[in-house]
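One chain, chain A, links the two complexes that follow: it is found with chain B in the first and with chain C in the second.
Now for the complex of A and B:
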């Protein structure tokens, strides 16, 4: 009986799709793109690991557990991930609590500072850590300290600063949405503020905290930029994959390591999405009042304020020292101010700046349109495979950049799709890497728009395209355009997948920056970093201006992942 | 609707800007020189040949070799400019290079500095030296290393920096020196070599991707001792004024021949030959003065302060053997050091 009903439904779906050839065509094209540029590279990774020469021969898979130097980087990555997740979440919670639940001053400034790491070039924080805390750093020398920043301490420090903003954004949302009436009830019944915090506020925030901690864990696991600069001998898996695949051209080994990188991130992604996210208590408490209980007691406020100021001070110091470093003649020895580093960047890296801008300017609108198109299909249309489309398009959210990178090298170096060495492969990496965020935001936006408006357009005789471009797009425009800014920023700052696909004709700024860091040309690296920051800020200001003129609502606030 | 037209115009303009310059007739080069150095040579070439536009990527010599393997089916570049010739020899053995004997330079470069089949040619020679930070030495109360064994001193634990042997010609050349100096001088690993290389790797505080980086890092004081080519030590640590001292192992040091080769199946081989011929001229090789390299064109001028063959004791290293067996040596190196 049940099967029959299912069959009938399926037949209905097929008939509906057949009646709408435009939709059918678009769904087909989208699926073809997703299969080629998301699924196919992953299949290639598995194939090269287990069937390296066509025959089943999982040599490295078996050796992985036998050779210390294969499994150790995974363990190291997990250790770093756990510590960064812990530190990052704690720091983020203090920040989020200070902003969402107290009446301290300067919240806008604190929030701005906390967002800085999100829009900054990948190596900037690690670079700052070396300038300040390296064996010959400013602070190390001033305090005559004898410590070693390279390795685990440096990794935890830099990644905590780089990724706590993600946790902060989640936790700020969670803390400001907790229904204050529950806390009020506890207080009315005579519980102290402290008791209320530990028995009411904290438990209500637990799913949000878990979500934040897991996301930070994933971001730390897949981090490539910071370890590349500061890992010392504490080898992590992303760097091992890069060296195996690009350094040694041992693709079966690289692919095998990539699988061991993929397993934990996919697991965490699934746990986060299907277990933790569903236990959210904040969404079921009804309308968030937005007024929330604000802590006003000084003995709580002041320690929080001090902690926040300290952390903000550290972030500003790091950005400041890199800015200063970019103007010094010979960092550490001749601190005469000079423009020579910027002259060098424009002389050697002028072409990179153009290449990066060109690629970003193509990838940004393409990625934005494709995301909104998929979001539209998923929310508004009914067709077979809709769930699969959503899942596949969101998959790259959980796939680490280095895995995407090695997958693209394996998949697109030979026909039928031979595009290594072209700008196209870089553009494709950007488009498909950044799509999940665009799709997620697009879905959220579309769900708030009454479909009746689009139905009116359809019943007045407009076709699929006309309705999409004339009705839907204008309605989601602010979110769409802020999505564009996000994609552009990530194009300017991405490194992990990109490092695998850059070529002679197409070099990117972040790769040039990595090269200078690797050469220990710290001042030149700092200058590259600030050129990237200038472009990113310029783009944000430009978009805000354009969008502010075009649309009343202005730009939606920039979001991270 | 007007705002959509404006927005469309902006996007179209952006796309148009992006498309412009997608097509150009150019020579693509992989170079193992540091970027600032490559810039000098390539700009000089472009000035002498205004009709040729050079696009280049800086990769360490080991990385060029792997890049050529990766692109064998679809070569992207036509010329490999600079880097230790052990990688060129390995690439020649793997059939990745294009022979070229018709150049003028082929006549006057002596046989030990070129491939008998014309697959690569020598541009310059270089000797491995040790660079030590003098402040570090004073603080630890230790002398700069003057033998390979000295590198194992407990004071240097975690204070040595060098590149990955698979990535950098500097590091692979250093490895060849160690294997020759320690234990029996036969090429390859013997039991003593394994012990030494493993102990040396334990001393290393950080491996880099690029060979010359160690000179700057030691100059900055981030690490105490580095193994780097002497021309890079002079250029990147001594000339800028960092507090460093350069020493050489008394029992003999390792050396490289900096190589150049045409890439088999490269898309612009004719242009590559123009560059190849130019790179061997006195005019081009005189530029090496700026970087303290030892040019192989006998007419080229040597810079003051260069480390010459007569200044150091050189080990009898079979570079061709180390080039031919590079892959096996690197596998062994990974096994011994745990790095890959």
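Now for the complex of A and C:
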């Protein structure tokens, strides 16, 4: 009986969808795209792992558990992930607390420094670590140290610095959104500030902390650039997949390792989305919730300030040394200043710069529009498969870049979609890799817009397309444009999925950077790094200017994920 | 044959929370609106009034039953192809557009000539006293002005049906009264068939040709303001509309135009058709607080003692204790002229025969 009514409801939806051909068409196209560029590559990965020659033959799958050489990288990755998650979250919490809940000075500067790892290729930090602490590093030489930065310590150091900003942004949001009246209530009942912190503030922040920690864990697990540079003999899974698939062209092995990469990240994703996120106490209301309690006690403020300054100092030092390195002749041997590295980058890498820009400038608007379109469909429209659309499009959030990369290699080097070696495959990787964040931000944006505004439009006779372009899009424009900046930045800095799909015809800056590191040409690598940073900063400044001119609110803060 | 514009026929709307819980928002609801009438759906929140309105607009789909506009079944027609316009509770103005662009939106969709659009916008704004504000950004208007822009935007396309979703609930009390008079005036001038949703009974009673009282997804009573107040169809309507004392009583005898009931040993004749009642029926007597006169002790229908009183300016409200310890609320208008009663003072109650209402006792299962 109940099921009957539900079916009738569904039939009604089908009938209405059929009456709205534009919507029906768009939904169809979106599903086709999601199936082709998200689901299909994943299926290919599983197929190549378990059915390598068409027959069921899970050889590598079984060997994975027997050969240390296969399973060790997974264990190593998990160890690094756990350590980075721990360190990154602690550092991020101190930073977030300092900025959100104390009255220290220089918050803008601290925030800016914390954002630096986001606007540069994350593995630039690994490069910096080598310039500072490597065999011929500044600190190594100065202190005549005899140590090896390659391996676990280097990985934890660089990935912590590279990924704590993500946790910082989540935690800053959480800490500043805790309703101060809850803490005031605790103080009012006689609890000390310390007690209030441990019995109210911290417990309220726990879901946020867990989210942040899990996210950093995933980021570390799927990091490719830093391990590639600094893992040494401590082999992690992403690099192992790359070596198997690209180095030895053993695709079944690569695919199998990719599955073992995918399982933990998917698990964490599910835990985060369906367990942690549902426990959040922080509700975002439109109501201004006061200024919040700021810690003013010196004995709390000063240690926080010192910790923040120390960390900021390390970040600045790292970026500084890369900048310095980019002007040296031969790092570690001949540190005389020269412009030769930049001449080299523009001479040899000029084509890469153009290719990267062209690809980024195509992928950015396409990815942005597709994201906001899907977000709009998910939030505002009711149609069969809406939940599936949201899930599939968010799925790539949990799929590590190397898995996407190997999936694209497996899926698109044969018909029906044969695009290996083209710019198109790179653009598609960018578009579908960046979509989850765009969709999620788009959903958050749209949920803040009174549905009555769009309903008014359709009640006045405007169809789906007119309502979307005349009403919805202008209203989300500031967020949409800052979403574009995010996609562009990621296009300029990403490496993990991309390295599988670049070709002689289409090279990217990050790949060139990694190549120079691999050739021990650290100064040239540093120069590439700063070219990327310059382009990214240029784009951000330009967008800020444009958005500032067009909209009162200005550009939303950059997202780190 | 009456000229029916809108017809709900056995409308049912179920909402699902997950796959487990099912909520009956609208339950077998039928209603017809005749051309030029304004009907209000009145009820507490969650009674299904807004859902019914949104089904008519096309924003929600009916689970069962049909909706007709000018005898065309519109269940499967998307909102943009229905000739309805809605005035939203939150106004739903386009914040990135000017007053002109907002009001002109529907006409632009219809691809009218620009000169005609500008002229009609000016005329429509004139109707509500907003002439000359075309260039203003809607964000810079006061709440009342925004509300009127929303009204203009809805009426300018000359819809078959005009829909109002609690349009006044975001305005303060004074403004609300003025705006509702304006809405009623314009609706009558233009003769637009309208469906109006509100939970505010004063608003409903002052603005409507007909009021449909809803509760738990069902139509409880359809009538004009006087009917739903003076002749409530059931206990819910009696209780929801205005204030009511509901006292248990028993039918002594019933004729075509009066019912004699016994209430705490006193027999009272009530002017009301008594076809539905027979002697001995347990009934409930609806006594409005203003339907009782206070007289000398032992000279009225019943004696009582003053429990407590509170004074609100134009009236004083007494809680009277009846002989069986039941309490009944009684209002006295203009107390400054009539004097105040002391607490514990004995008093006589005299019931107005025409304003009492006898209701059959509802079985608990229905409630």
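Descriptive notes on the structure:
Going forward, the second predicted complex is superposed on the first by the 551 of 561 C-alpha atoms of A that agree within 3 Å, B and C clash if a C-alpha of one lies under 4 Å from a C-alpha of the other, contacts with A are read in each partner's own complex, and residues count from 1 in each chain.
As a working rule, contacts are C-beta pairs under 8 Å (C-beta built on N, C-alpha and C of every residue); 3 or more make two chains touch, one makes a residue touch a chain.
Keep in mind that what you see is a predicted model, and the values were worked out from it rather than measured.
By the touch criterion defined above, A:274 lies against neither chain B nor chain C after alignment on the C-alpha atoms of chain A. In the superposition on chain A, contact is made by A:136 with chain B only, not with chain C. When the two structures are aligned on the shared chain, A:462 is found in touch with chain C, with no touch to chain B. Counted by residues of chain A touched, the larger count belongs to B, out of chain B and chain C. Residue contacts after overlaying the shared chain place A:56 against neither chain B nor chain C.
Of the two partner chains, chain B is the only one that A:546 touches; chain C does not reach it. Overlap of the chain B and chain C interfaces on chain A comprises residues 474.
Against chain C, the residues of chain A that register as touching in their complex are 2, 5-6, 8-9, 12-13, 15-16, 19-20, 450, 452-453, 455-463, 466-467, 471, 474-475.
Contact residues of chain C toward chain A in the complex are 12, 14, 16, 19, 22, 57-59, 61-64, 75-82, 84-86, 88-96, 105-106, 109-110, 150, 153-154, 157, 163. Those residues of chain A lying in contact with chain B across their complex are 68-69, 72, 130, 134-136, 148, 150, 232-233, 235, 240, 243-244, 246-250, 253, 330-334, 344, 347-348, 354, 357-359, 361-362, 365, 409, 413-414, 418, 420-421, 423, 474, 503-505, 507, 512, 515-516, 518-522, 546, 549-551.
Per the touch definition, chain B reaches chain A in the complex via residues 3-4, 6-7, 10-11, 14-15, 17-18, 21-22, 26, 28-30, 34-36, 39, 55-58, 62-63, 66, 69-71, 73-74, 76-77, 158, 164, 166-167, 204-210, 212-213, 216-217, 220-223, 240-242, 330, 334, 338-340.
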